[in-house]
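In the two complexes that follow, chain A is the common piece, with chain B as its partner first and chain C second.
On to the complex of A and B.
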């Protein structure tokens, strides 16, 4: 007999989160209570996350082991061709392999991060909250080759609805930036920098408009860079991003479009460029703590095709 | 014959002047006539153009095909898996989540 099983589908409603609708009465903006803007260097964060995944060529293996709640060690192996920057248009690749050992210490107030490679390069990062509003960040990269090491220290101050940052780097590099929220959705910022070694200085401005569904940013700098980006969150799992970069000094134009699918078992990012480059990056969760990574990049103009695979173990 | 200057990178082969053959059979006279020679010329031009068109279509198809393979195929595979998992979960939930209904 045809029995109509009216099974209430309870699972479908629990996975959908409803965004509370703002009534017309709540639209009055309280200009004294604006949210704190995101840091100046992360202004393109959403676009960068979607459009610039860490593409690689070769094999990569990362193992992270937590010894403590705060301390963890990491081992990482990379084997594959490395590109040598060459003057001619041909890209020269030589096969290389290296092992990298690292240690992380993560505390709410202090974060230490260090990596050392078999070719003698040391990478270190420190992030320390000196007070509730002031924090110190430092990072340095030391190499065996002379004059190739560099380090940078920055002090960040977080105000009620603004942030400022002051940076000092080696080679007499000074930089400062400031970003302020103007409305709950819009924030403006500016930066200046001075490089003593190269005798260059520059000034730049940036603006960011974000709502729940989209983020639009624009940045102009006196080094000739104009960068605009737009990210739209189409649904909970999918977001589409587009980016436009123009250098008015060297007359270089690049536009790129990409998508970012965050599904339960995997994260897939794909992008296509106006330089004739198509790239895709897939991170698939095989098991708890085990991630499988695939990366592909096709450059049709230079006929350079790069494919990589890897495995990431650890939380 | 005067050689023509090459313009651009592509130029069709030089046209031979039509030779009119007065002494000889009807066939040779016919094959030497201007209509036939022009027809022959047009046929070889058509072959050349078709070859170039095929080559550029082939190149475009290769670029489109490999880009589709990299950008779209993983997406289809992952979305399919997600859908299968959703169906499985739905089935599991309907099996475990609700008390067994008496079948009429």
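On to the complex of A and C.
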């Protein structure tokens, strides 16, 4: 008979201190310390960055020269067909070439941008931080053609967990919007506007939900617009985005799905539309301060194919 | 029971009016395509988005 192992079992009594477990989900939300939401007009920011690159057709060359830390000049040349809006469904293109001269002044509290084109169009933008929470923004487009110039001024106030903006434009245009953080991830906002010249007014609402991995936004307006967007941050370098836009006044509906790859040497964005339009935009960094740009847009429905290439020199 | 029969008939009439009217169907087909693309892309992004990571 095998001798049973007589191992004395010593039961050692150890005092176990229970550590209170705080899981992420159990953190109490401090509703008095909510983060400041992003500005109302930038509510679809992530989706716009991924899905709306600056597609162009033709050749583009941009040169930016910094004269000192705050001041820089820019020269842009564009050659290619320009689309003019037409009543019929056919697109009318006119070959054009223009040169644009620009000057930028960038200071932590004041930013000034000016651009002037060979056809006499002037674009100007000002952004000024009047106080820590109040900032002034102004932009204007001046042209030779009568009644085609316009300008707008806006005052933005940033509160602890809200932002508000008041806008004044030419043609008796008044607008105001407000956005408030409701939870650490959710914010709601609303806007009103009144266009005196056209005797039109409107109201709109927007909501935004964001986490580390995704951003979902929705916007409705009395002008008939319904806009929804969803962006998934797959990784640090990759984002996938989708958006849906429906205007029930003009009976226009578009949905698109796209990707955005931000790599060390290049940024590649591509998208496909529910109207049968596929587009891609590539910015390749050839060297420090030298970028090569390729743009393509294929509209299979209208049989309109646009390809563009360009070079950007300077920051 | 009668209530649900009436609403089913109304529903059928509504679907007929939206499907057989040329103009409305032109808009509705675009709307269905757009909603399908949007919802389908969200489903794919949430469930298979990791496959696109590098």
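Keep this in mind: the second predicted complex is superposed on the first by the 290 of 315 C-alpha atoms of A that agree within 3 Å, B and C clash if a C-alpha of one lies under 4 Å from a C-alpha of the other, contacts with A are read in each partner's own complex, and residues count from 1 in each chain.
Going forward, a residue touches a chain if its C-beta (ideal position, glycine included) is under 8 Å from a C-beta of that chain, and two chains touch if they have at least 3 such contacts.
Computed from a prediction, not measured in an experiment: that's the story for all the values here.
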**OP:** Using the touch definition from the top, say if A:296 reaches chain B (first), chain C (second), both or neither.
**Re:** first
**OP:** Identify the partner contact of A:234: answer first if only chain B is touched, second if only chain C is, both if each is, neither if none is.
**Re:** second
Original post:
Can A:266 be said to touch chain B (first), chain C (second), both, or neither?
Top reply: first
Subject >> Partner chain in contact with A:128 - chain B first, chain C second, else both or neither >> reply: neither
Original post:
With the two structures laid over each other on chain A, which partner does A:279 touch: chain B (first), chain C (second), both, or neither?
Top reply: first
**OP:** Check the residue A:257 against both partner chains and state whether it touches chain B (first), chain C (second), both, or neither.
**Re:** second
**OP:** Mind working out whether A:246 is in touch with chain B, chain C, both or neither, as first, second, both or neither?
**Re:** second
Original post:
Same chain A residues contacting chain B and chain C, which ones?
Top reply: 259, 261, 263
**OP:** Report the residues of chain A in contact with chain B in the complex, numbered from low to high.
**Re:** 1, 3, 5, 7-12, 259, 261, 263-266, 268, 270, 272, 278-280, 282, 294, 296, 298, 300
Original post:
Along chain A, where are the residues that touch chain C in the complex?
Top reply: 214, 228, 230, 232, 234-235, 237-238, 240, 242-244, 246, 251, 253-257, 259, 261, 263, 274
Subject >> Contact set on chain B toward chain A in their complex >> reply: 63, 66-67, 70-71, 74-75, 78-79, 81-82, 85, 89-90, 93-94, 97-98, 101, 103-104
Original post:
Contact residues on chain C for chain A in the complex?
Top reply: 27, 30-31, 33-35, 37-38, 41-42, 45-46, 49-50, 52-54
